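In the two assemblies presented below, chain A is common to both, partnered first by chain B and then by chain C.
Then we have the complex of A and B:
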């Protein structure tokens, strides 16, 4: 149901799901869910759930494409038919999925220290199990975690956050309803500590000053995500180190 | 600074790095022609791209003599294929040429949007424009990405209101097919595609109603490799893989599209200079348009 202006962020400063404009949804992540893969992570941000699986670094499947000084990163993006609002069987080669895989590939080509793994290939697979807005940022965060689990070296953990302009106010980590409300939607992925932008996309009309505002809000959001992940990753590593003394993984 | 000696079908030459700034100090047996010097630069850039790129940063001229933020000349023609298409245009950015043709069809609207027409975009990249498109796979990858981009600009930035394309709600709507043919590729293909698509759409006169796309959009390709270069030529596109695309409404200066899908990380200050570069392209576009209107 479409709502009029002024009803995405109420007078009390609360959004439709009770969050503040710069509040993230509840994040729940688990690393190492799949023992078959070298690295895996399951990430749930609010109701958006994404599973990322990393295989590698391993030998390059197509010999002709081997690069002598760095590793190749291949990325596939799948959405389950029940992940969206209506049931829709999505092929992995349709435009939106191709664009998402390309975005993921190019983001992680920057993040991963590719020259440490020459003549190898890293395969990343992303499965969107449930989509409630901000799918690309959640996918990027999940892949970051999976790469950490796989032990692939990165310059820094890439974290991403989405921001939208609702009722003339930038709001963080948007849900599906907020994303499809018609306001400007901007996913952003960055190196949070360095403060450098890796991915940014906005396909709606925006005034010049708004861009700055939204970008800064999104950077702040990605910093929040990064802090959350730091604690989670440290916790996971502690558990792993403890478990290694007991049983083989 | 180091010197290179090239023997590449030309006489032995010693080129200083100053060749990039335009005042080349060349000591050799014969004076090479301008074409020979360019050939040498392109050989050197392929041989040692890392040094070439770092040079580009410190020097102030690119391979074709432009400064970092200088744009190539823009030429726009509208209504060139009057017999076969409803609207057509040709956009030239430097040597890149894209021809657009719009054809009309009456059809049934989709179930979830009975009052809206449809706009389909198809991009054709033949080996004609560049030899790298000789395989079907290479053509398809690049053309899908371009189609995606052009369609998102046309639809999401409200260039053409789909409601205007309605004839009888629920029964008949106009379906516009925008076919983009790339005639020559020298970088900034997406810019040229969007500009020609917009002009062709503006050229269309629907038999029932007149479609006026009065909000035209201007695009700039700004690429980043620790520095921001505006309007990349093909040679530069091949070496600098990171893309930053910005589309700006040429009437109001509002930002319409911003896209940087991964690639080298960029400090946020560069965004502002990129948007400012868009302003320069906007002026170029407006100037071109005024020239055309004066002629007609």
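Then we have the complex of A and C:
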């Protein structure tokens, strides 16, 4: 495809922050940040920082909604007032937050092995501390880590990545400026090992043949995130289990 | 790579072993006289220790082929003296070295339980060792089983073929794509528990009730037939009114909401309410009225929630921290529940706080530093009339 010589991807193939189109932002994750919860994780992708907290599985709070054979997953998505460029106090019930909560709920209803926890409920809360684009994919990744920290059984770790069409080229892991540039923005969540897509959202106009290209790029992005998580989570698990011993690494 | 020689006494001096064979009684070790020879035919120094497998859980085939890369991570299977198990098998391989000071690797495999500290090896630590054919088979079996791997949700692991039927415990489900494989659903270390159970050891805070576990529960409500207890699991547990030793309709303990109870899990199933009981099946049975029964209400003191891993450590027979505390002669009482909670009581409030901090800190502390940590905290308690001596977790 033609290398864009536009404002988002330069002739040299660099974006505004110096990344290549297929390059993710630097990822920094910690598990177990919030010790009162069953599971928690803090994930920072570039400047986007998200805190995910998992409570559960516990008894269902609303008795009328009990499901006898699986667990209910409740998600809440909060964007803190200081997360955007302007300070804006947002209600948890505004449209964008509700849509994000629904997307999280649907993603993790697929990923969590719900039949192992009948008549229970898992609460997932996501707090966006800093929003610099790709908030939903970062949230999905953070919740994956938090569920791993909580010991909730999952089919596989879900990883997500966003892709946008800038200067006729799909670019991965977009920042806020790139996301609001007007090009098609598409977050995608997948099972990286199995290669199954769980969630795609796209609200912009897109040429038909571009769709597959963008999906493949996003899948590749989610695989990169998954590889990162593999090393991080394994290291964390090893540390937890072998913390007492002075082990050579 | 550090190598240890087994410390166990042997009646006969060690003999050169060429083949571990199944003796007359299963696999009590059969020893064969002989020499371990190089490829060139020169005898090489070797040491062998074959122990008897006291309780043979499964059969092994001593002719199964082995690849040298497979085995010799004697990693943490080379254990420190502390971990020398009482009744176990130990295997040794003959190494091809010319020196008289040969490198002996005593690999001890636990027949019954496995320790957490056994499994932190990295697979990269391999020595260049040759194995005698026969030790190979047995050790391959042992190490393939005992090989610790960190699995993430979605990772599959093959089960060794010689196990006739492997049970999948916590965190594992059967996978279909490679046959005889298990898929992990939680992140943790894959462990084997004799005779045929695999599980994922992971660290979580929420308890999953299992039969015969001793747990701490807080009474939430009193029903007509039983008490509802919060056992920090996904559902409450139910303790019948009369589930105390020596209790009858007229003579039973009265528990109020908020009481702390040390009890045992009677029935645990995901589809049914968890049943708890304060009766004792094994050991000394004392009436609840005497106040000396193992289970029952715990008065005074404080209860602290922690992770399941810490509780496992504290309930271990050789828990270091508790041994150190015993050595210091601190008077206190502790009850550890498997459900991520422990109770501490002592006459002095300061000691209670100190013990709670010591136990919480012992989860992540390095082996060998417990002594230091305990001394530090106990010292700051003894100086507590000075406002500057605040407890700071290390």
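Observations on the model:
Rule of thumb we're sticking to: the second predicted complex is superposed on the first by the 238 of 249 C-alpha atoms of A that agree within 3 Å, B and C clash if a C-alpha of one lies under 4 Å from a C-alpha of the other, contacts with A are read in each partner's own complex, and residues count from 1 in each chain.
Definition applied: a contact is a pair of C-beta atoms (placed from the backbone, for glycine too) under 8 Å apart; a residue touches a chain by one contact, two chains touch by 3 or more.
Predicted, not measured: the structure shown is a model, and the values here were computed from it.
After alignment on the shared chain A, the placement of chain B and chain C results in a side-by-side fit free of clashes.
Looking at the shared chain after the overlay, A:199 reaches chain B, while chain C stays out of its contact range. In the superposition on chain A, no contact is made by A:27 with either chain B or chain C. With both structures placed on the common chain, the touch criterion links A:234 to chain C but leaves chain B unconnected. Contacts of A:129 after superposition on the shared chain: neither chain B nor chain C is touched. Contacts of A:119 after superposition: chain C is touched, whereas chain B is not reached.
Of the two partner chains, neither chain B nor chain C is touched by A:66. Looking at the shared chain after the overlay, A:186 reaches chain B, while chain C stays out of its contact range.
For the pair chain B and chain C, the model built by superposing on chain A gives 15 Å as the shortest CA-CA distance.
Once the two complexes are overlaid on chain A, the chain A residues touched by chain B in the first and by chain C in the second are 191, 194.
For chain B in complex with chain A, the residues that touch the partner chain are 144-145, 147-148, 152-153, 156-158, 241-242, 249, 253-268, 271-272, 275. On the side of chain C, the complex with chain A involves touching residues 116-117, 119-120, 122, 150, 152-155, 171, 173, 185-189, 201-206, 234-236, 270-271, 309, 313, 362-368.
Residues of chain A that touch chain B in their complex: 95, 98-99, 102-110, 186, 189-191, 194-208, 210-212, 215-216, 219.
Within the complex formed with chain C, the residues of chain A that make contact are 38-39, 56-59, 113, 116-120, 148-157, 191, 193-194, 229-230, 233-234, 237-238, 240-247, 249.
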